[in-house]
Each structure stands twice: as C-alpha cells, then as structure tokens.
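Got a structure here, written out as structure tokens. Questions coming.
Chain IDs A, B, C, D and E follow the sequence of writing; residue 1 opens each chain.
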Amino acid sequence: MTGKNDLMSPFLREGKSLILAYDQGLEHGPSSDFDNRNVDPAFIVELASRAGFNGLALQKGVAERYYDGKVPLIVKVNGKSSLSKGEPNAKQNCSVEYAVSLGARAIGYTIYLGSLFEGDMFREFGAIQEQARERGLAAIAWVYPRGAAVQNDTSKEVVSYAARAALELGADAAKIKYTGDSQSFAWAVRAAGKVRVFMSGGPKAATDEAFLAQVRGAADAGATGIAVGRNVWQHQDPLSMAELMKKVLFENLQVASIKTT
Amino acid sequence: MTGKNDLMSPFLREGKSLILAYDQGLEHGPSSDFDNRNVDPAFIVELASRAGFNGLALQKGVAERYYDGKVPLIVKVNGKSSLSKGEPNAKQNCSVEYAVSLGARAIGYTIYLGSLFEGDMFREFGAIQEQARERGLAAIAWVYPRGAAVQNDTSKEVVSYAARAALELGADAAKIKYTGDSQSFAWAVRAAGKVRVFMSGGPKAATDEAFLAQVRGAADAGATGIAVGRNVWQHQDPLSMAELMKKVLFENLQVASIKTT
Amino acid sequence: MTGKNDLMSPFLREGKSLILAYDQGLEHGPSSDFDNRNVDPAFIVELASRAGFNGLALQKGVAERYYDGKVPLIVKVNGKSSLSKGEPNAKQNCSVEYAVSLGARAIGYTIYLGSLFEGDMFREFGAIQEQARERGLAAIAWVYPRGAAVQNDTSKEVVSYAARAALELGADAAKIKYTGDSQSFAWAVRAAGKVRVFMSGGPKAATDEAFLAQVRGAADAGATGIAVGRNVWQHQDPLSMAELMKKVLFENLQVASIKTT
Amino acid sequence: MTGKNDLMSPFLREGKSLILAYDQGLEHGPSSDFDNRNVDPAFIVELASRAGFNGLALQKGVAERYYDGKVPLIVKVNGKSSLSKGEPNAKQNCSVEYAVSLGARAIGYTIYLGSLFEGDMFREFGAIQEQARERGLAAIAWVYPRGAAVQNDTSKEVVSYAARAALELGADAAKIKYTGDSQSFAWAVRAAGKVRVFMSGGPKAATDEAFLAQVRGAADAGATGIAVGRNVWQHQDPLSMAELMKKVLFENLQVASIKTT
Amino acid sequence: MTGKNDLMSPFLREGKSLILAYDQGLEHGPSSDFDNRNVDPAFIVELASRAGFNGLALQKGVAERYYDGKVPLIVKVNGKSSLSKGEPNAKQNCSVEYAVSLGARAIGYTIYLGSLFEGDMFREFGAIQEQARERGLAAIAWVYPRGAAVQNDTSKEVVSYAARAALELGADAAKIKYTGDSQSFAWAVRAAGKVRVFMSGGPKAATDEAFLAQVRGAADAGATGIAVGRNVWQHQDPLSMAELMKKVLFENLQVASIKTT
C-alpha cells in the first residue's frame, strides 16, 4: 500500500524506515536489558531524534511522560513481562483513543502466533486495527511465533508465516525476526505482500558487523526497514551505530566496506 | 431460500456457483501451500475474474489491499493458524461492518463442530449472522467437524452433521468436505435443506480427473457449487482447470469425457 | 401464572399443550435421528399444523427458512452438537430480538443443571428471560441435569430439581424428563409451582402404548403437556400418533383403552 | 450506617431484623429441603407476613410469581445448584433493574470467599452494589468461605473474615454462619464495623432450644438479626417458632426461660 | 511528572509523601492483622489525620462508611482474600466513577506481575488508568511480583521490574517492596523514572529502628515516600511511630539518632 494513503508514511523516508524500539522495560525488565544510561527513557527519546530514527516505539506510560513529539510515535498497546511463564499472551493495556492522545501515529501490537491464546490476540488485534484505521493510525504487528509447534522461530517457514499472518489480519507493517540469510528472508517479505516488513533487531549481536550484515540482508530481501533497540542503545556509541545502520539501509552501503569501532 | 431475497444471489449464476478460496495463507502458512506465483494475492485476485469465478473468499487484510471489485467478495471474519495446536477455535478478527467497508457481499466464518469451543463459535456466528442479515450480506459457514468424537471427518454422518448445523444456525450457505461419493453427499445436501452447499476443494488432488470427479459428484448430489483454492491456484494451468470445473458444474459435463493436460 | 397475563397462552388450549420439538438436527445430527422424510423441515412444519400441535420449537435457521406462521413458534436460542464431548454447555446463538423477528412467541433455552458451566447458563438464561419479558415472549427452560453428581437423570430427586430450578430462575415453562411414574412426576410438578411443566418426549419408545402411558402419567401428575419430537415424526403414522396423544392429553383418554397400529 | 439513610431501614424494627430465607429450592433442590407444604412458595410468602418477618429473600422467579408485597423483599440475584460440584461460583441471573421491578428493597448476592472464582464474585458484587446504591436498594452479601484454605467455615477466623469482606466490598449487610459461641461471633460483628450482621440460620437444629440459643448468642454479640429458613419452615409449628425467635431478638428473652413444644 | 499537573500533588508535601494503607481487612482478614483497636476503621481514619498522613488507602466499603474527608483518599479498586489460593489475580470491584463519588483523589490497583493472570491485570489497570486520567485522579499501582519465575520478590531484579512495569503501564506512582538496602532500591527508583515510588511497609518489623532504617534507605534511594499500615497501626503508639517516620522522611533524620520507645 504505497502512495498517499499509506498509513506508514509518517515513518518512511524514501520508502525505508529505521525504528527505535524501547518496550524492553516491560518485556524483559530493567535488570535484564538496561544499564544506568539506557534505563532512562529521556536518554532514549533524545537519542531517537538525534540519531535520526524514523519512528519510536514506546508503551503508554513511557510515551506519556517522556515523548517529545520529535520522532513519529508508535504506542505499543499490549505487552507482557518475562516473569509470566504460561502460554504466551499479551493483552491490550492502552486504548487506541488514548494512544492518539499521546501523539501516536501508529499502534503496535504483539501477536504470539501459534500460542494457545492466538485466537484472543487475533480478535483483539482485529478490533484495534479497525479502530486505528478510523483514526488514521497505522497498525503494526509484532508477530512472534510460539508454542508447541514452533521448534525454530527463525526458520524460513515460521518467519514467513509470521509475515503472512500480518498481511491476512490487516496490519500495515510486520515486525518479524530475521531468518539468518537474505534469500529466505525474501520469501517472508514476499509472503507479506504489500505489508511493510521490519526486521526485529533482537538481542545485541556479537559484533557490529554481524548485526549490520543482518540489516543488509533484510534490506536486500526487500524489507522496509528494521525495528531495533538493544543493538543501538546497548551500544557504547549509539549514534555511530545508528549512522552505520542508516548507511546500510538508505545509502545501500555494503557491509564488507563498513568500518566499526 | 431461492428467489429475489436470496442473499447468495450475487454469488450465483444459473443457481450454481464456483468460489475461489484464498485464506490458506493464514490457515496453513505460505510455505505449506504457496509457491512464488500464488503467494501473491494480486495473482489470485486477477485469476478470480479472468477465470470467471462467482465469488472470492479472502481474509480482511488481503481484501483490503488487493481486492479489485470484479468478483463478489466473501470476507472470512475468523481464522486460526496451523501452528496453534490446542482444541480448535477461531475467533472473529473482522467486524461485519468492516467487511462491508471492504466491499464484501458475504461473510465467511469457520465453525469447528465438535470442538470443546464449539459453543463459543456457535455464539459468535449467531451474532455475526444477525449483523450480516441487517446489512444484506450472506453468512457462509465453513463447518469443519473436529474433536474427540470425530473419528472420520468425511464420513456421511459427520459431513451431514456439518451441513445440518449450518442450517440450524442460520447460515445461507455451508462449505463442507466431500464424503467421497455422490450418494452419501446427497444426504448431506438434503440435511442442509434450503441452505446452499459448497463442496470444500481441499488439498490438491492426485489427478485432475480425481478432483473433477468430486465436483461432478457434488453437483450430482445437489450441491450449489464448490469453494476451491489449491486445486486451482496450485495447478500449473489454473485457467484451464477452472474452465473444466465450470463445464462440470454449469454445462453438466461428465468426467469420463474430460481431457486434461 | 394463569389468566390473561400468562405468556404461555399462545401455546395453550384449555390449559393444556402439545408442543412439537424439532431441534434434534443440531443436538443429535441428521444421521442419528432423521430419515429421508423427517430430515425435511418442511415436512415437520406442515405436520405441526396438520396434527394440531399447540407449539413448534425450532432453531433460528430452520425457523427463518421454513416457519409458516401457522403454529405458535418457540425459537431455541441455544444448543450444542452431540459431537462436543466436554462438560455440557450450550451458548446463545440467537438474540431475543432476532427470535421476535422470526415470529417467535417464546424462546427456548437449555440449562444443563449440575454442569460445571451451570453458572454461565444461569446467567445467560437470566438475561434472556428479562429480554423475553420486555417483548412479551415466554421463556421456556429445557432443564437437563448433567455432571458428576447426576447419577440418574430420571430420578425423582433430579427431575424435581430441574423443575424447581426453572421456577427459581424465572422460566414460564419447564421441559423436563419423565421420572417413570406419575406419582414421582407429581412431585416435580409441585416443585415447579406456577411454572408449567412439559414432559420431554425423549427417544422413540418401544411401543406406542409405552409412550402414551408416559403422557398419561405426566398429565395425571399435573403437567401442562408434553414437548415431543421423535415419538411423533419418527412414527410411521405421525398424524395418528399425534391424535392419540391429544386424546390422552385433552380428552383424558386412558391408555388401556387405546388402540394403536 | 444507622439513621435515615440506612438502606437497610425497610428491613429493621427497632434496629433489629428477622429475615425469612427461601432460596433453598435452587441451592439444595426440593427433595433435599422441602416437604409437601413448604415446597409451595405461597405457603412461605404467607408465612412471612403472618409471622411478622422483617424481610423475605427469594430468587427472581419465585418473587415474580408469588411475592405479595407485604414483607420487604430481597431478591437473591445469583445462586447455584448443589448438583454443580466444581470450585464454588455463583453468577448473576437477575439484573438489579429487574429486581426493582419485582418490588425488591434489597438485592442478595452470595460470595464464596476463598474460592478460585472469588475474584469473579468480587467484581460482580462490586458492580451490583453500585447499581443497587443508584436505585436506593440495599446490597446484602451472603458470604460463605470455601476452598482449599478453608478447613473450618465456622471458626472465628473464617467467619470474621467473611464479615470483614462484606464491609470492605461495600455491602450494607452480611449474612454469615454462626461461630458456635457469642464471644467469638462478637469478633465477627466487630470486624464487620458498620455493616449489619445477620446470622445464617443453617440446617434445622436438633432442638428448638439449640437454635434459639444460637439466636441469643448472635444477638448478644451485636448482630442485627438472623436470616432463617429451614429452622422455621421445616418446623412443625413455624408461627410459634418464629414467635420465639422474635422474643429472643426483640424482647431480649433468655433461652433458659423458653418453653418450646 | 513534577509540577502543577502532577496528579499525585494532593498526596505530596514538599515532594514527599506518607500514606496510610488499610486494605488488610480484605487482603489478610481481621484475625491475621487486627486487634480490638485497629479493627475499627474509625480508629484508623482518625489516626490518619491526627498523625498527619498525606494519604489514606481504603477499599470502597470502608471509604463509604468511615472516610471523613480530612486526608486525601486512595480507593483500592481491586483486591483478593488470602483464603483464595490459586494463581494470584485480583479483579476490579469498584468503578473509577464510584471511587470519585467517595471522594477519592487516586485509585489504587494491585498488579501481580508474573502471575499467569498478569495480562488480565495489565488490561484492567490500563482501562482504569485512562478513566482515572479523564477524571483527574492519580493511578497508583501496587506491583507485587508472583508466580513460578519469582524466586525472591525482594531481589533487586524483581523489585526494579515491578517499578518499571508501573512506569510502562502508565501509573502515577508505584508501591513496591523494599529490596533490603538503599543502593539496590535506588536502581528500582531509577527504573521507575518519573513514576513516584512508595516503599511498601510490609509486616510489622522486629524493632522500630529496623523499620525506620528501611524508610531511611528508601528515602535515600530517591523514593517519594512510603505506604505503611501495620508498622503504624499495630504499633503500641502509632502517633509517635508516625512522628518518627515523618522526621526520617521530611526532616532527613538519620536512623542512628532515633530514640524509640
């Protein structure tokens, strides 16, 4: 869905997009992912604009208290803690109307595809997607396959299923894991059709090159961009890392030619 | 319910109907059913009109982004992924109102008859059917028996139960599996009463003749038509295959006289 | 609640009532209970008026397509299939408003007393009963005890509990199983107080005399009437059988004097 | 909450109250608690006024068909049968609005404190209490501790917890079991604070003296009154028994001086 | 969120706050926590104003009958009893609108982070928080980690997770347990960001000094204050104890210099 009516437009620059994700405080807890610097949402919000991100994803509470209006906002409207060990489920904690009041241009919603509670999330996302449409917001699905039938959540089959589910359910964009190589990821991108695909950054990669190679692979596969958190704000030099990511994404920089610190 | 007030009219030609089903991306995943060609909804939507289908069944997201208004639209308003392994259930992810806004003339809803969650689907379908009536849409039930008591979901007893449930619950049409022979399928058609019966195409048959014989058998049994997906769009020559199906259905072609490629 | 304000009035003749039940297509499936004749709702609807029944109980879909307005209509607004093997529960699939639009003068609702889901049915019936009152419809409870504590669902204790639950919950009439003898059934009738009791016909009896003796016993016990299905429409001569039932019920015919075919 | 605004006023005489409870038909079934006389609600309703009770507690259906307006009415808006053996839960089957239409001055609601479904009842009672306040009805909580942690539901600890829960949740009155002695029951009364405490009559006591001693003990402990059923209407002479109870409650009669038949 | 728009303002004095918590009657039962004096809500309400508390937390029923308007009111809108032994969950029993009618300036809500029902509480709190915002009330989250993954609910990791969850979900303040030392508690305070942190008082400490040292530690860590119950109203001299707590909190008194009785 390209063109004027693309609800993802606010998040795009030349059709590409680099989104900063910062919902890990709820999903993983502060001690798991944060240090004294990045535990502070003000640091992240400032980083988002300084580093030229095209979007910033926050839970309602962080958005309400820290969002400065500089980078287009995605409010994640569901979430769960890593302390809850049952069958994966994440329920809506923020209304679409409230997200709008916080300045959101998109809502984010996690779907644990394959969970026994998959149907609850399909239903909830379905209603949210329609409310988002009414208000001119994009609906971005974080699709994470889980459950007994998911042996490997980065396999081509599973990742492409996540991408396709986002299309079938009416998302404007899908945040999915990387498959490990560009060719198989291209199948996921193709399965998503007109839905824009964002590679999920995931945990901090061993080396910058390793992560940038993933970005390169996703871009080559046709992804619109990446939604990244830890690989930026856990980096010792987040601005430089973001700069490299932008070069890969927007300037078609090849990874072999990258010099990292 | 024949005549002017038949909500299925948009999908009928001489009282018969050939519907193209394309919700497999959600139900089975792209890697299970799709290749590089049929993974693209644009290919399917174009195929639907070029091949002269009388209806096209899509999930909301695919309808929203690809539907071209040429073939009457059925929006499937529930669904589940094949990764979710619990007791079968599929929850509504699209409102009837939204389906209307996408151009739907009918809604489709899957009922897993015999599931422990059967009652939830009965309730949800009941409400959707009433909303569909209010807006002049047909309500088509995909009735798939499942659960501990269902040993054989193509037996005469089970298939006719599916057909009858569609009648009792107020559907305008029922999509049910073929029993294997025309005589037993006729019992299912009779059990459905005034509800129009569509044979579910199912997985790609071993040979074209085998599939066309099923179509012949269903038609002879009094079915209104078939709702087919994989046997068309997984075929190397979908247009020819569709042509043969139409000959069987609309021109009473006998299968023995069919030449296939 | 006799007299002008009795919501059951449409179903009464001289204070008695013979109701034809035809929801078995959903409850038991067509292959279990139907033959080529009685699988056709048109046959049943015509039979209801020709045989002089005082009421006809149908699910929404059958009522919508076949009801002819001749015999007062009861729309069963919940139901379940016999394929679903979990703890008994049956959820509302038809709104009271919709039942009214179909011409209903009463709604029917099954309560599985003793089920772990009893409370859900109490709540749902409670709301339906109030909606029915608002619109001037009777609320008829099909009360069927089930669950771990129900060893014998035709015992005096269990049947009278069913009857009483209907009274306590605000039903206008209760459909309950026969206890086997008139004296114990009289206790159930007494427990129901002002709520009208209908003996549930149940499966086809071995002989006509056996069934008519039950009708006699229920009538002698003070029941308002019977709600019968299979013992009429599975009979080779439904009209004659209905005639005999009417004689027992309305003309106080004793069973010993009955000649059956 | 004494004085003009006390919603319990309709049920009080000199600040005391004797309530006749008759929801056992639903809770225990007719064969468990009733005989040919007291199975008839008309007998009970007449008894309530003839014996000078200050309140009468009925389920909606019995109230609707038998209530004569003479004694202030409490409509029990939830309940469950003794046939349902799962974790205790009782769901609302009567709206507050409907209870008002039946003439209720109070609603009654059972909370199984300690049940795994306790939270559902807290939530439901919470909403009902607010609706009752809006319409000027009292909200009376039947608080019965149940579940794995409740070894002895007449212990001082457990009974006082029941009383306190009624206060915390906003009830106007609490119906709780007797602890066995006046001193420990006084702790429950104190825990209830301004909430009026009614001793639950329970099953028929072995002797009249035994029961009247409980009434005496509860009154001495500061209870507002008792809510009694079986000890009155299972009594061979209900009027005399009620008379004795009134003497104990209103005239401070000591039990040692009571002559019973 | 400091300044004029801080919804916590009514509860602050010089940016600090001492809140008296009295929901233990519901949470623990009267026999567990109360004696003849503090079982009386009137004693507590008077204590709150006499001792100069900045807030008072009560369940709806206690607030409705005892609150005197002198100290800003927090109505706890959910809760559970200690008799209920399943997976922790506490459901809303008081609407935000009703809390307002009782004079509340804030609502309190318990979230059992890590419970299998965490998602239900996230959703419920999410809706309550938005309703509170609309009416100008603060939303205070009691965040108590529970469940299989919570080995130690006072560890730095777990307590800081609780604090962070409150921020992410949009709370104005978080009531969390003390970690045992000021340094680790400072991490929780930092994780909470702009959300005000209240140390939960917990059970009566062995000595006054022990408890005051906790208060000192929390204050040094940057907490806004403490929410205390048992350590005050179970104290033989609650006023003196409160006085000492205020000195620690507002006058920066060091614990070594405290003389207790």
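Miscellaneous remarks
Just so it is clear, a residue touches a chain if its C-beta (ideal position, glycine included) is under 8 Å from a C-beta of that chain, and two chains touch if they have at least 3 such contacts.
Note that the coordinates shown come from a computational prediction; the quantities given were computed from them, not determined experimentally.
One copy, chain A, sits rotated relative to the other, chain C; on C-alpha atoms the angle is 145 degrees to the nearest 5. The mean-CA centres of chain A and chain D are about 57 angstrom from one another, to the nearest whole unit. We define each chain's centre as the mean of its Cα atoms; on that basis chain D and chain E are separated by 35 Å.
Multi-chain contact residues of chain E (touching two or more other chains): none found.
Each chain touches its neighbours in a single ring, whose members, counted from chain A through chain B onward, are A, B, C, D, E.
For chain A in complex with chain E, the residues that touch the partner chain are 23, 25-26, 29-32, 34, 36, 39-42, 59-62, 64-66, 78-86, 89-95, 98.
Interface of chain A with chain B (complex): residues 1, 113-116, 118-120, 122-123, 125-127, 129-130, 145, 147-150, 156-158, 160-161, 163-171, 187, 190-191, 193-195.
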